[in-house]
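Below is one structure, written out as structure tokens, with a few remarks after it.
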Amino acid sequence: MKKLLVINPNTSEDMTASIHEVITGVLPHVDVRVVRPTTGPESLESFYDYQIAAYELIKMVQKDQQTYDGILIACFGDPGLYALKEICSCPVIGIAEASFSAALLLGKKFVVITALQKAVPMMEDLIDQYGLEKRCATVRAINLDVLAIEQDRGSKYARFIEVGRSCVADGAEVLILGCASMTGLKEKMEDSLHIPVIDPVVTGIKMLKMIVDTGLNTSKAGLYQEPPKGLFPL
Amino acid sequence: MKKLLVINPNTSEDMTASIHEVITGVLPHVDVRVVRPTTGPESLESFYDYQIAAYELIKMVQKDQQTYDGILIACFGDPGLYALKEICSCPVIGIAEASFSAALLLGKKFVVITALQKAVPMMEDLIDQYGLEKRCATVRAINLDVLAIEQDRGSKYARFIEVGRSCVADGAEVLILGCASMTGLKEKMEDSLHIPVIDPVVTGIKMLKMIVDTGLNTSKAGLYQEPPKGLFPL
Amino acid sequence: MKKLLVINPNTSEDMTASIHEVITGVLPHVDVRVVRPTTGPESLESFYDYQIAAYELIKMVQKDQQTYDGILIACFGDPGLYALKEICSCPVIGIAEASFSAALLLGKKFVVITALQKAVPMMEDLIDQYGLEKRCATVRAINLDVLAIEQDRGSKYARFIEVGRSCVADGAEVLILGCASMTGLKEKMEDSLHIPVIDPVVTGIKMLKMIVDTGLNTSKAGLYQEPPKGLFPL
Amino acid sequence: MKKLLVINPNTSEDMTASIHEVITGVLPHVDVRVVRPTTGPESLESFYDYQIAAYELIKMVQKDQQTYDGILIACFGDPGLYALKEICSCPVIGIAEASFSAALLLGKKFVVITALQKAVPMMEDLIDQYGLEKRCATVRAINLDVLAIEQDRGSKYARFIEVGRSCVADGAEVLILGCASMTGLKEKMEDSLHIPVIDPVVTGIKMLKMIVDTGLNTSKAGLYQEPPKGLFPL
Amino acid sequence: MKKLLVINPNTSEDMTASIHEVITGVLPHVDVRVVRPTTGPESLESFYDYQIAAYELIKMVQKDQQTYDGILIACFGDPGLYALKEICSCPVIGIAEASFSAALLLGKKFVVITALQKAVPMMEDLIDQYGLEKRCATVRAINLDVLAIEQDRGSKYARFIEVGRSCVADGAEVLILGCASMTGLKEKMEDSLHIPVIDPVVTGIKMLKMIVDTGLNTSKAGLYQEPPKGLFPL
Amino acid sequence: MKKLLVINPNTSEDMTASIHEVITGVLPHVDVRVVRPTTGPESLESFYDYQIAAYELIKMVQKDQQTYDGILIACFGDPGLYALKEICSCPVIGIAEASFSAALLLGKKFVVITALQKAVPMMEDLIDQYGLEKRCATVRAINLDVLAIEQDRGSKYARFIEVGRSCVADGAEVLILGCASMTGLKEKMEDSLHIPVIDPVVTGIKMLKMIVDTGLNTSKAGLYQEPPKGLFPL
């Protein structure tokens, strides 16, 4: 049986548990392990946070990556993704790139909803780096921090709908929930907004499983060629 | 149980059988029907062919599209895709767009191998239309026509490897087999080229199943809004 | 004397008559025939409509295309254009592409006015496919359906001016009437808006005549190479 | 009767005569005046040359521009074009932009043939400024200076064919002769290369006449708004 | 000691004096000469103005350019820049391009504030030509003419802040004062807006000095290759 | 007196000494400190290396960043740059972005020379992320590893010239030495290649000093907004 590893790159136990719950809900018969680093930021809201978290997740993964058939980075900024693609022998996917790949099949233009305004240019930068700017209508924040969303997702629901409506009015065809903390809102939002809503954790794990099952793997011929001097002891 | 429809938009019985075999090979426990139009070109190698084939496949689909949970168009030019996305209540995916979405997760730059030189600018045009030109290193032809490939795939293998090697030399990270007739060459080519090779039929059906299982559907809020005057009797 | 063929790809007799009147008004001494299919949608407002109409117009044209020195497709979505460019020995031009080519000479940024909101992303997609997105400021709908415009253009005039004004305020330099049904509004709109307004039917036929008179023709070296297997009996 | 002005912005009498001959050949019944400045470079091969020539042509035009119904700048770099578009009440078109507009209707990708290698990045810069880089396959020099071409076009023919063939091999669909000195080579090159060849002077004057006859004019709402402080006495 | 030449390409004595004052303020120990043409427009607000001014500045520079170690064109449209880069043996920099290069190091997206609305599409066109459109959030006018700003910069201050605030609200990270007449407003605006404000004259001269001190010079291998026929006597 | 910090993000003592020597050579009267982490990779040749190095340099900088007036990251991949821009109160510049900003002023198209082939797609990815792809002609490797270059730069010189020549032949106007290990080759290469060669360390420190002296600083309004939850104890 295939073994998948899901890494929540922040240290929040609650968020890790929530990711675990969502994943076992959608993939009940799959061997998935959900882990988190024990040191580092409790939520990732800056490049600074990403750098620290990426270091911790690389440290975790480089020890036993060969145990897994596929790895998912469950933070929407895809921190550490390129490095893991380089060093892992199995496919490694980030929930942001997985969400974009799915969104492309559902509409011409997607939007990304972020937690804080700070993340809006960060996501735009990521989309530029991925060369997908033509498929993104806009990135918009709900102006709530990640832990606040995580702690009480239900009460924040009205805010999501309000921002979602403004996105639809501005040409959004597909709405991507741009933070792992937003997992679980898909159905309710689709009922209100009448456009497909992508849950990044659900889509990420499904896309990973599909890639693994199809026998596809990261190319080591170009951007993700293995580190020439190999691994550094961490 | 979910019902999937796979449409080979050309009239070739052999190619339809081959697509059927490949799909039941990778998805043995799924209810998949593979169909083809009975009139139209035997292989699709021009926009002219696409227009005729698209008409025929729309005629086939508009009668009973509500019977299915997902539809795959199994020709790499994605003929008729936008029209089916408009009129179907279930997800509709083309094997070209599905292959691109998968390729994005495996490398920065993909290449597409086409049958004839004629198809090279056609694929480039498609990639422009999809806004993915930054992720495509090149499109290259093996200079064999579609039916010739279909009839004797094995003997054409050396030609595929030769063209694949030239692509890798020019920066290809992921190689997409850009024609449904090329299905089944993935493993052998990966062994020779050492980069991931995407079989469009296999990836297409897997991606469709993933989208369907995840509860995602085509957005009807923008490009694929339903035809304002409804369906025309065909 | 040169013979030009103008195809109204919908079945509306009124719109065909109106196109005929406009064209003979601007090119009184030229041998122009204006035709329409007898089956298919009465107006084209979706990709679904385009596919059916394109099939019908290809059927019409492939029989006697060699009779003509130039062909104009008089629907702003340019349905069937690429296929006709492939199969015709004379130049084939769509009114959308002709309007864009003219607009480029008059200002840095054009806008396109469409009938329904549905057409806005469709035109944006066309402009992406044509690689002209840098020259387009915006696409905007007047929110009236094509037949309603055709039937009573005069009473809709205020709506056109209102939308036109909003375009000018947002940086439009040249306004393209993005539907054959809008023919005849150029002068009145220019008087109100003080920017050039492009009538797509007038500009289309003039551009076609210019191309024909200059001895230019479609290139068959790339995207529009002839169908490898020739024509299919329709 | 409409009066058209053609400006050869260099001081070469021979080139002016040649342009005059070509234009009266294709538009025998039109009132066209072909002029040149009496001071300035004899051929334009640098931005430095363009600046001097543009100054001289502005000086010529600003005195009597209201006499004309349309103006053509007959140098492929379109020197002074934006300034003339600002100050003239009639349409002003450059032969480069006119050639690009025509090329768009004939193939997906055009190439430009320049005289000297020096002009290659200059043309690429112009195409970037015009936002048309997606439609240009390449720019290539024949490595002969402008006056050498002008003086003995016939003997240079083999060089044009050689460069033209290399362009076709690299995906050119439409070949634009990127210098007014190359006028008159269209037919011979088409016979050898089997792709449409655009003579910039012929296409320029035809496109200008078409724009004038269609009642279109430069937009003064954006980039070409009139100079706020009016004309300066030159 | 290095000798730098600063050219104010308009004829305004006041603006020249103001530029001189600013430059000697920031580079007190450097040998800088600030000059202006004696004929031509008093301020540059159109392509027409640019063409005349460029001619005059080329005339000034070509006589004694070899006297200098670096040249700055102190008008934000960079008029005549490409021509001077071709003919000068020392580095030549425009204040617009220098401001953009500095802005890239301070934020992802810059904005440019222009004097008149007329300049907005002109700056956008310049940014397109320079290939920097992805780094520009917007260009916005304060709707005051250049001489009005120059004559009484203080009283216009509130207008600058108002426009600056609207830019920040729309995602501006770095604000570029897009006219030499705006020099001297940097500190006050930064105090109000809390984003870096680039004074184009100060940044231009500093960037030029840096380039000169670093031993860098214009490349003559491509776009700025020397005029093939040399200089024309002006 | 202004204090500048230069961080060599790898642990190589030799490279740190070489960077120190180069910098004190070009800025003898400035207070510059050159530091390196004591743990981490000895040279940076992969995203994996970047992630580890970035972590170490952030750890070094966050303790005493307020001591400095400007910080330079002296590795061409700009590792950790975005994070430092977020957390530092002074300007932080990477030698890659500084080199690009300088190159823009010297030619239309730059090239980057990297050590290993592995770095070619990495640099292309960086240039995409920075939105500067239109200004880059190509990225090319000399196929020597970083430490080999560092240890014996002289003997590698012929290889640099050979690759440089191929770049010039392909349209390079400005050559950027894309690795801190290549510092010191500028003059010799310029003598052979006759195009400007940018030494990234020299240009980086000069550009930083210019930014600092001009009173400019990182914008905290967008992409580099401070981390919402502040610093994490490292």
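A, B, C, D, E and F label the chains in the order they appear, each numbered from 1.
The rule is simple: contacts are C-beta pairs under 8 Å (C-beta built on N, C-alpha and C of every residue); 3 or more make two chains touch, one makes a residue touch a chain.
Quantities reported herein were computed from a predicted structural model and do not represent experimental measurements.
*Asks:* Which neighbours do chain C and chain D have in common?
*Replies:* B, E
*Asks:* With a Cα-based fit, what is the angle in degrees between chain C and its identical partner chain F, given to the nearest 5?
*Replies:* The superposition gives an angle of 180 degrees.
*Asks:* Give the label of the chain whose average Cα location is farthest from that of chain E.
*Replies:* It is B whose centre lies farthest from that of chain E.
*Asks:* When the C-alpha atoms of chain A and chain B are each averaged to a single point, how far apart are the two points in Å?
*Replies:* Averaging C-alpha atoms per chain gives centres 27 Å apart.
*Asks:* Need the CA-centroid distance for the pair chain A / chain E, whole Å please.
*Replies:* The answer is 44 Å.
*Asks:* Quick check: how many Å separate the C-alpha centres of chain B and chain E?
*Replies:* The mean C-alpha positions of chain B and chain E differ by 52 Å.
*Asks:* With chain centres taken as the means of their Cα atoms, state the distance from chain A to chain F in Å.
*Replies:* 30
*Asks:* For chain C, what residues touch not just one other chain but two or more?
*Replies:* 108-109, 121, 125, 128, 131, 134, 171, 173, 222-224, in rising order.
*Asks:* Looking at which chains touch, is this a line, ring, star, complete or other?
*Replies:* other
*Asks:* Who touches whom among the chains?
*Replies:* Final set of chain pairs in contact is A-B, A-C, A-E, A-F, B-C, B-D, B-F, C-D, C-E, D-E, D-F, E-F.
*Asks:* Considering the complex alone, what residue numbers of chain F touch chain B?
*Replies:* The touching residues are 121, 124-125, 128.
*Asks:* Which residues of chain D touch chain B in their complex?
*Replies:* 108-109, 134, 171, 173
*Asks:* What does chain D use to touch chain C in their complex?
*Replies:* My answer: residues 26, 91, 93, 97-98, 100-102, 104-109, 130-132, 134-135, 168, 171-174, 186-187, 194-196, 198, 202-203, 206-207, 209-211, 213-224.
*Asks:* Quick check: in the complex, which residue numbers of chain C touch chain B?
*Replies:* 40-43, 45-52, 54-55, 58, 80, 82-83, 85-87, 116-118, 121-122, 125, 128-129, 131, 145, 222-229, 231-232, 234
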